[in-house]
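Across the two complexes that follow, chain A remains constant while its partner is chain B and subsequently chain C.
Right after this comes the complex of A and B.
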């Protein structure tokens, strides 16, 4: 199966900024890997249920007990930028 | 042997318990060994001199009080750097986490501390555990103590190199597609991936959550059992943690294999396996037959597709898990005018090529229009792999194969083509997909004096039979804790 990837679109979805050369490099590699991975399409799987988890487990409950969370100072201690008790980030919305 | 670091864990534990050796002496010998070997091996990313010395002193004081907490008490342990350690830098081998100091311990790490173990430091790995050689580490590779021109395997290659060299008595690794068993095989050690859910993943920096499992790397099967018994157990902080009984695995040792039904996986014991590896593997199988095991050849037709399914499922899960590295809460940030630009630049700068490749691959496999054909289909193949195993285990108690198709390879020999590196994991990936335990036991050396590993696989929760067979493999092949030339030369 021939694989055709819009690598620039995939990189945008993955939030990785890549140069044109890098896009070409990764695009070619992904096509090679996916040609091999496409082997999975050769097996007849009609009526086969997908497995998302190796062991049969449903609804894992634990007692609803209140435990102390990380305090704010500790939670912010590793942040690249923090301000007034919050994580600080660049603008999320463009200005009009 | 001139240094206590060359004792097995069992030997060192006995010496500590009887007062012939102190935890401080053992730790200093371990740190001395690291001084001799680290320039060549680079097994560790961080050695925690201060923390380890405090832990060893505390262990000695506890013993003096008569408060001995079990077989890991005072034992120097290496922890793979993708498990978080409170107050001790944890990078997962990635530049994106350079300088990150976690505020809490992973559950497995906390279990080690409660058992009195001395955490020497954080061992090197392929970035985010993605790789089979440590060549993808963001901080440079580790080397194999058997031949420092070769890789120690991966991704838990630093853990394996440390245990083989004596700069740790045992280590924790994590195994998503073979990352405990393959480096153990390449370094002449025992490496064990427990049943999925047996060891809590809380505090393990996630790669592929439905496949990841923490386990021990040790010099003997008994030492692996000792370590597993400390770290296994239900943890309410991990929703996939197993809730049933945790048996006494030690009682499986020394029972022999008389009447045990062992299946050789045809698809993993023929084409594509190096002749030296295959011949050592066949001799070990014959030796098991001689001591009473019932041997048969078993065909698992879906094995051919398991690798392909894995290289869709693991990247898909990794692309979701690694979304958390966004330059906001921890780690690297590269500035940008908007959040999206900042995040995309941070990830471009912080992720190495293999991690970027897998995130892109997983993003593609999960994207609209391709989801069914790739990720959805891979999940169905995973079901077929599980069905193959279930059918096989109706007739045999365990399955066996070589652990790795080849022994330790030279640096750079597989880095140009990502697929050639992926093929290294062909024998180990199936157990991750199916969830059962797997163990690698060293059996022999190849013609270049490099270790060869033997893999035993069992159905989920089949640890008792797994250890029973592994201990017999160890006994009949008379590996006898052989040590690498680097240790012979340096000690």
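Right after this comes the complex of A and C.
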């Protein structure tokens, strides 16, 4: 079953820049994955409840109680850049 | 061509839970940046979210207050997007099965009711805060951005209406009514200026009488009821001018600039968002069965609309009704306590909105910092109704009670404010006044009713204002006829 995928659009959504060769290369791979997934869609699923979670359980809750947060130094230790207690990130670019 | 405006409102309400939606970090406004964060709300690898049960209870309460259907089973979805305010690159939200759907809220403008349908009420998590550095603080010219994740993961409820509003005034009335309900439920501090309650509006124009919907524009960044109304008024005028010039409306998001009084387009080009929602695999579904739902329903307090009807029936004036039913006043609890203890609602409302409010403003204290209780108000009202306190003295006693001088009886005694209304006790003073003013006494005996006021004043003077003027007046009448 052939599936068409707009790989350029997917790349744009993921903010990944791909060359034309890469677009073709990854596009073919992703199409292969989708074709595989499409097999499942051929199964007769009328009357089967959609399942969002494999475990047959609901309402896994926690009480509204505060637990100690990380100290800031630890919180920021994984950040490539930090500034005055903030995470520092590159500017957000306008969409082209 | 004549146009009519069509408005829908999206409201975000930050819940005032102690901890965040999916982790135990404290929910606190104004803390130092990144001091209320943990691996879950920082989106660190391997961290797993666990749902805050109270947040679910509260969104169900909001849904029930808005006459919504509560989904027996709902689930969370990931909303994927690229912006650094959410460290996971997605926001946990709800998609096709929100907790609440299909409700309504009735509002009134200019004496006319409007029923605003609620499309849905769903649960999500708030984002972090971004500061854009350089380029005058604007996103597109910034050199870099700073992120504070304290707010990331705070429980956020989104309430979406159908496009049932047609004027900025209705939009404002809707926002205010919803605000009152949220405060009455006690689920959020609902401070517009701090962003814990935020209103976005979708506005479009269509030819008058048409059923079609025009191209809609989303207006954001209104942080008061007044700016919501102003922004919509401006936006409707702007769209009307665009259409009148033969141009077409561009679907976009526009920011309200409070200082300039205009809405401004945010992006030159708007690609329709593709959030690629998919079910959140880290969270199991939420099931609200009938028992839980009805238990929550039973605990919902009387809502503003019902309160307004009851207060009007109790004879309160419109100002008192507005303040006491709004859900945001600490006076309401005191009023209810006093009335439940048997006090006259009108007298209590007048004192609360008059003396008590003035006292709190003058002394810049909160009601909770004073010793005043509903029983105090009831006792004070009894002393006043029995004639032991004049209206002026009652207010002085109230000030004393607020200042912590004791209960009303003690304050009245200590400040020597108990009115003399005992005829025997006043008789001597009245006789003395009549003896000192023979001319007026004669006029009184001759039936000159006008002189009574003067003589009452004299008795008040020699009793230091403590005589009950009504009793004095009655006794003087008796003397005249004797």
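The rule is simple: the second predicted complex is superposed on the first by the 91 of 96 C-alpha atoms of A that agree within 3 Å, B and C clash if a C-alpha of one lies under 4 Å from a C-alpha of the other, contacts with A are read in each partner's own complex, and residues count from 1 in each chain.
Going forward, a residue touches a chain if its C-beta (ideal position, glycine included) is under 8 Å from a C-beta of that chain, and two chains touch if they have at least 3 such contacts.
None of these values were measured; they are calculated from a predicted model.
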### Query
Between chain B (first) and chain C (second), which does A:77 come into contact with in this model arrangement: first, second, both, or neither?
first
### Task
Look at A:36 in the shared chain and tell me whether it touches chain B only, chain C only, both, or neither; answer first, second, both or neither.
first
### Message
Quick check for you: in the superposed arrangement, does A:85 touch first (chain B), second (chain C), both or neither?
### Response
second
### Task
Applying the touch criterion given at the start, work out whether A:52 contacts chain B, chain C, both or neither, answering first, second, both or neither.
both
### Message
Quick check for you: in the superposed arrangement, does A:26 touch first (chain B), second (chain C), both or neither?
### Response
first
### Query
Should A:69 be classified as contacting the first partner (chain B), the second (chain C), both, or neither?
second
### Message
Based on the A-chain superposition described above, do chain B and chain C contact any of the same residues on chain A, and if so which?
### Response
13, 15, 52-53, 55, 57, 60, 62-63, 70, 75, 78, 87, 89-92, 94
### Residues of chain A that touch chain B when the two form their complex
5, 7, 10-18, 26, 29-30, 32-34, 36-43, 45, 48-55, 57, 60, 62-63, 70, 74-75, 77-81, 87, 89-92, 94
### Message
Touching residues of chain B toward chain A in the complex: what are they?
### Response
100-101, 103-104, 195-197, 210-211, 236, 239-243, 302, 304-305, 308-309, 311-312, 319, 323, 326-333, 335-345, 347-348, 351, 356-357, 359-361, 363-365, 367, 373-374, 376-384, 386, 417-419, 422, 432-435, 460
#### Entry: Of all residues in chain C, those that touch chain A in their complex
17-19, 23-26, 32-39, 42, 44, 50-56, 73, 75, 82-84, 131-132, 134-135, 139-140, 142-149, 267-269, 271, 274, 276, 279-281, 283-287
### Task
Using the touch definition up top, name the residues of chain A that touch chain C in the complex.
13, 15, 52-53, 55, 57-72, 75-76, 78, 83-95
